[in-house]
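Right after this note come the structures.
Each of the next two complexes has chain A plus one more chain, namely chain B in the first and chain C in the second.
Right, the complex of A and B next:
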């Protein structure tokens, strides 16, 4: 591709008077909007712009090449390995796109009445049942639009539960220091107060630190399992027992459900409320803010607090199944105007049904195997602060050899030169140089081996020619943007450049 | 005289006043600072109390006052350009306070002790 010619901004390609096509000359004079015979013209003159709109002027072929070049600068799971931790960037099988893009779902309006969208409601209900089975929960709602929205919904369910019992003094949520940032944020939005519980040196929640925090003011304990270090929280039954004894509920953040798929169920671990990130565990492509879906599940006894509307199945007198939207007064209210992101739900059900229970039960173990394989192969060069078997992801604390001055950021940028997306960096905050890798179950051994070889190359470069790593990236379309300045003072229009 | 706390704030004493900011070690660990949330002039803080927050591309951290006192000035330049903290964390203090108990500085770390603390 010719970046020199077509990699410019569309305004830079622009030449005065150039057009993709020409319209006949406009013979109308003055105000181009005819008045309708009324006193005032359709658009008053004061609202008509006085200066021409500043639009780029280009021929069609240049525009086509410009945008094709831009799309070639894109990187996604479809172009290469994307080991971003804490995000489960797993491959989305194309059959899911076919299902989501089918006119039966893609062309249906969210306000279509229930009698005319029985197929879509059946899909919703089937997925609701499947997630209940996978999570070990009694009921699910698919209405929340994203993971954090699910967290908020789940915490609102917990508030509604406590309030319904007249237990209105419970306003604290206990969150581990290793939690995703959305946990304390969701708690705050739900009107609850966040209390942090410490991690032990092995990266799991410190039960002794937790115990004294549990009293009659605690509404819930939020946990991610495996946690953000990719480590299984072994003390969950004990933590759940302590929380329940204190009258609090257990909330499961499903961001890391992937390695648990078909192996262990949050409901069986003692969790009362959970959310699932469909776009992580069930394959929808995501990133850059969407699209997401954060269904919320509850154990038996909490169903009545789930938000309106619910989708329920009824059997008519002739034996025919119908699906209806229902609402209850005990519900926490509505958290969305529609039944959630339907296309994401369609992909998730496509993923679940095409893998089947046998396939789903392999997803977790394979994701775990891949992560441990990469970890074991690289721990000679990279610092593994907690050396044990991980689940679907793990965290290095930068290079083992800190004398070279090469940081996690440099390593991440050098990976771009080799055609790999960077792993998650500087999260979790428990280590200074966090480098978090999640390969997922969908990558082949050949891909993993090449990634491992590149990571070893970078470590060798850091020892022998550190400058090559410190000054990376070298091969990307843009090399060293000042991302902080860009975020603080964004230039969003071409005019601002001049 | 400059003294450091275990939460990586410093206090530099000049007479009855103390200039409080984050240490050079802290700014390095934070990376590019994008926002400093500062208190208002006249606010009073106890030692160990939160007086603001500092946000970087990596993380947001509470600012904990190492000493007690009343805010007499805030570093307004940081509102426009928070990255000054990265350029020189000591010169670019965050708040100036009137020390209510200068003897509190004796309980904090001097430069050598703080350096050793960071290397641990």
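Right, the complex of A and C next:
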């Protein structure tokens, strides 16, 4: 793309008087208005906008060209391999975009009465049931808008449960030191105090370290399984038993659910509450970071704490199924004004139906196979601090050869030159040079082999011509943006730029 | 591939999972479907919905015209299938459209800065509340006007309850916030961190907030305004009222209704609050060749750095929805937004006059000005009216409020003929 021609901001291509729209004729102009009706009160000038609003003025072609050229500077799963650990960047089938834009639901107002939106409510309920089956839970709410929102909702369920029993002294959440940053942040927003539990050298939770932490002040133990190192927490039955004995509930962060598809269910592992990231495991597009969807499931006995409103199925006297919105006093409250991100839910249901039971049973094992294959092929050049079977992802601690001066950041940037997105870097915090790779099940062996070859090339470059890696990237639309200047003197709007 | 991993079969990859945890049978779910079958499944579901083609329901979410070009732009898979722009070198597309979005939202609300991360208007308002509590030391009380949309209020109350924030209601006086009661609450409580007021309010009323910003700031509290985004092209802005934080839903800026989501919450603030702002913020900088570049900035505020010290757990970057809104505003411009507002007002006025001419109903708060939404008080059986409008004409006439009121909104999408048909059904009740 020619940056001189097409690299402008939309404000720079704006020209006075141009427009990219035409509104439908509402047949109001020049037609009579009933004069015996009540007139709307006049709006006083003081209640109107005082300063002129400046928005871009563009014709339709300029706008389309502007955004399409920008999209050429962007990398998505549809562009190339995206091994971003913990983000499950699997392919997003196109049929689901068609479903999400279905005219019947796209034009549906959320306040449509239930009797007139039975199709939408059935969709919601069908997905709710499918997730309950996959999670091994009794019931789900699809209302939470994202994974972090699901975590918050799930922790509120846990607080509502303890409060309902008059057990109000439980204000701690135990979180492993390898946890996603959202876990402690969600706990803090939910008014809970975070207690960190250490990992053992093998990367799993240290049960001996956990045991003394469990007392009558603990509300929940919050875990990801497999954890962020991609390792299955094999002591999970013991951990769940200890937590339950202490009166705490077990929370499952579903960020890493993908490798467990077809293998094991969080409900069967002893978890009481969980969330699922539909944009990870169930293949809805990440959209540049959102919208997501974070349904929350609970085991039997906790349903009454799920947020309002809920969608429930009733069978009428004539045997006909109907779906209604219900609300209860025991619920934790409401965490959304609507039933959540409906168009995202529709995509996820499309994915589940497309794969079917058998397809979903294969998804987890194939994701795990892809991850182990990449790990085994690269561990000669890259430092694998915990060498065992991984699940959907694994973490290298940078290059094996530490003498080259090449860091994880350099490797990540060099990958961009080769047409790959970088892995997740410097997370988890357990290692200095974390490089976290998650290939997902939708990538072919050929794609993985190409990636492996490039990773080996980079390792060789690091030994032979380290400068090429240290100064990467070279071929990207921009190179080495000055982050420090951006943070020191924040320019966050066009008006601050000039 | 298995051999390379030193294994014989797929199950060997799960030798670390205790047998008693493993699934004993396949999921009890339907067998796989082809695209054609999936399409058929959703077409059948859609048949269970009543066909509604005219929408006079609002309550924060409105049936607006969505330009085909906006839909086309958000369908670009380089945008759609990207993740949060952690690697700026290959994410300039996402980063630039967010920068443009931030600029447009700051101008629209009359504030200095904007983030790009809120799920919807209700959660954005709850985040604004938490932002106020985090900004004003040792104060954990928020005052909320009774005229705020109750659906937003329920979410604010839920967050407040778990986040240990005390919420007091500012009484309503004749459809608007009771300013004297607000003054009284500020006098009684010295621990007020923020005051939340709606713009326009739940009944569609444009309230006069003269003097309120001074009153709130004199008590060292923050003024938060929950707004309907599209209306700010026409109405006095939060910035002009002296607000510190503007928040709300941006669905009205070209996002399809989609039965409740995905939408976009917006959160804008004065520059003084920049470091208290939750979520993703994009900043401009230059690269090593002097080229204008965009990066995620001020990340020290965020959950992945601050963990349990963070004031928000927001991780989303509501990218795709900010793209929708940016493309919409780029296509319509100021003139388009004002024309949309004018037509909504025109049709709402016509609807009010036509219904009241038919008799048995009136504007609930007759002296309060509105833009495109009003509360109609009526003697008719509202449930019957709603049902007949849907069944006979495919019209959703509004949202029932209490026993005898209907909240009705109009946009550029409804015509004179749609209103006439609605009135015809009303007359025949």
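Simple rule for what comes next: the second predicted complex is superposed on the first by the 418 of 498 C-alpha atoms of A that agree within 3 Å, B and C clash if a C-alpha of one lies under 4 Å from a C-alpha of the other, contacts with A are read in each partner's own complex, and residues count from 1 in each chain.
The rule is simple: a contact is a pair of C-beta atoms (placed from the backbone, for glycine too) under 8 Å apart; a residue touches a chain by one contact, two chains touch by 3 or more.
Since this is a predicted model, take the numbers as computed values, not measurements.
By the touch criterion defined above, A:466 lies against neither chain B nor chain C after alignment on the C-alpha atoms of chain A.
Contact with both chain B and chain C is seen for A:483 once the two complexes are overlaid on the shared chain.
Contacts of A:416 after superposition: chain C is touched, whereas chain B is not reached.
Of the two partner chains placed around the shared chain by superposition, chain C is the only one that A:492 touches, whereas chain B remains out of contact.
In the superposed pair of complexes, A:385 makes contact with neither chain B nor chain C.
Touch criterion not met for A:247: it reaches neither chain B nor chain C.
For chain A, the partner with contacts to more residues, out of chain B and chain C, is C. Residues 427, 483, 487 of chain A contact both chain B in one complex and chain C in the other. Listed in rising order, the residues of chain A touching chain B in the complex are 426-427, 429, 432, 483-484, 487-488.
Taken in their complex, chain B has these residues touching chain A: 29, 31-32, 34, 57-59, 82-83.
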